[in-house]
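Input: structures, listed below.
Next come two complexes built around subunit A: one with subunit B, the other with subunit C.
Showing the complex of A and B:
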């Protein structure tokens, strides 16, 4: 059977089950609040959010590949494009854009204007070092690691800190070739 | 040119428009997030009662905010003062907004005057969760119980809210019942109001 043509983000989003974004936003807020109460240190919370995002990302990429039937990406540019146009749309219902490619094509910026995680949120003075949406950076990192790309994902601009958009910098560190868990001759 | 035609940036989050609440995210995004919430709490606690309490506390915070948001948006800032009023608000409006459908049923307890039950065949939060046998009667619906408690508490109807599995004949998965037990003062006030 010929593989299905890759579907656009909108089409997939319309076909999956959806849930109210506000429930999602409020649940995420409850998680961040719990973390801040338990861990108290803002850096610890950032790390924990990143770890949670990583755990989500490694499982999310399976669903992404299953539902979107995108073909293998030729290079990192295509990967970043697919994440922004299809991935974000399919799960969060918002489209991201990619800019700021560097000369080698290994670093780019993912720009999010609309972010369902941060509706109704403002950062108090005690939490100014907090990357509220750090779970997203974990998700991207986890997902890419499962498709053999080691990346470093950092926040450049954060709307909760006064910038005009959310900007996530994704840097490809290296491509890890797939390792088979068994030897060929056994 | 970047910046032209973008939404106006509000300095204060309180000035921003609330929005119609029609935005959606995929169910799997929510399911992943909820699973991380449960997993994180599992590491923090030693026993099931504590885990349920933490999930309930997380839900309480959600409930408090949902009440404020919905009172403003759906009901034009009118407050419910009667017991049946607030129960039907939760059963219909809150459930519809959060889970996309009204709750399956709302019943009054037969044994006690102060007990009411909201039942749901399959709670959204439990859809992708299976409870291992050694966790006994643990129910992730404790999160939803927390949401209900948050709404009731902040509306002035203090109650103890818990989630239970109720096996149903002919159905493989049990249905979930949210049991609401109102505090004494609520019933007294209700009796006084006639």
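Showing the complex of A and C:
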């Protein structure tokens, strides 16, 4: 039986129930504001957003795999491509582009020109160290960890800090395939 | 006539997180089902090493005289397998559908702890509907 062809991000995005984008932006904004009030330190807020994103990512990846029917990626280039074209499109409705591949093919940058999380947002002077969209870095890290890839995801460019686009650097640290406790010499 | 005998879901470490049986034959108690799940997890792993072809991802179908066992492993390591009557069609599609139900009703439940036994009523309900639909379509042939 032939496997189902992988679906494109647009098709899946169109087929799921959608919510008002402003509700999404407002909800996220409320979360960040509350975290700032509770934690006070900008670095703590960044960490917490990343952790929240991680918890979302570990659950989101199965949804992504189930709905998009993508097959196993051959290398990290394909993985990054799938995240940018299908993943981001499916969940955020925006397509990211991939650039800045390093020589070994283990580090790349995801460029987001449009980001629904930051509609109407301006960072005040008191929050200059804040990575407002840090939840996204956690989501990517969490999702990739569930498919055996340990990664480091950091923001390189941030539109809220004056840059022209959002640039997320994804670095593959190592592949950790499932270890089975069967040793050949036992 | 139950074409589907039972359904198991195993987490990535081999622990049974969901077990449902639909037939009266071969009904097992909790310990037996846990043992069977770990057995299957091990066999699935060993089969990847035994395979003469590289790039094997494990057993997808086991055919015996009195039952068929269809197994689907997600890329995240969670295994879904169903024991059914020999020759039951569409089991792979059913497993994919159950995977989708899992991602919706189990993973999106914020109170569900990852890798723990599934105790989500909504999942049970939609699973029952999916299996019932499958049963009806099988009878209709």
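Note that the second predicted complex is superposed on the first by the 178 of 186 C-alpha atoms of A that agree within 3 Å, B and C clash if a C-alpha of one lies under 4 Å from a C-alpha of the other, contacts with A are read in each partner's own complex, and residues count from 1 in each chain.
Going forward, a contact is a pair of C-beta atoms (placed from the backbone, for glycine too) under 8 Å apart; a residue touches a chain by one contact, two chains touch by 3 or more.
These numbers come from a predicted model, not from an experiment.
Once the two complexes are overlaid through subunit A, subunit B and subunit C fit side by side, free of any clash as defined at the top of the document. By the touch criterion defined above, A:10 reaches neither subunit B nor subunit C. In the superposed pair of complexes, A:146 makes contact with subunit C only, with no contact to subunit B. Shared-chain residue A:59: touches subunit B and subunit C both. In the superposed model, A:27 lies in contact with subunit B only, and not with subunit C.
Rounded to the nearest 10, the angle at the Cα centre of subunit A between subunit B and subunit C in the chain-A superposition is 90°.
Contacts of A:178 after superposition on the shared chain: subunit C is touched, whereas subunit B is not. Looking at the superposed arrangement, the partner reaching more residues of subunit A, out of subunit B and subunit C, is B. Once the two complexes are laid over each other on the shared chain, residue contacts for A:81 go to neither subunit B nor subunit C.
The minimum CA-CA separation between subunit B and subunit C in the overlaid arrangement is 6 Å, rounded to the whole angstrom. Once the two complexes are overlaid on chain A, the subunit A residues touched by subunit B in the first and by subunit C in the second are 59-60, 63.
In the complex of the two chains, the subunit B residues touching subunit A come out as 3, 6, 9, 12-13, 19, 21, 23-30, 32-37, 39-41, 44, 54, 57-59, 61-62, 65-66, 69, 97-100, 124.
On the side of subunit A, the complex with subunit B involves touching residues 13, 16-24, 26-31, 33-35, 38, 48, 52, 55-56, 59-60, 63, 90-93, 113, 116, 119-122, 135, 164. Taken together, the subunit C residues at the contact with subunit A in this complex read 12, 45-46, 49, 57, 74-78, 92, 96, 99-100, 102-104, 107-108, 114. On the subunit A side of its complex with subunit C, the touching residues are 1, 4, 58-63, 65-67, 72, 146-147, 178, 180, 182.
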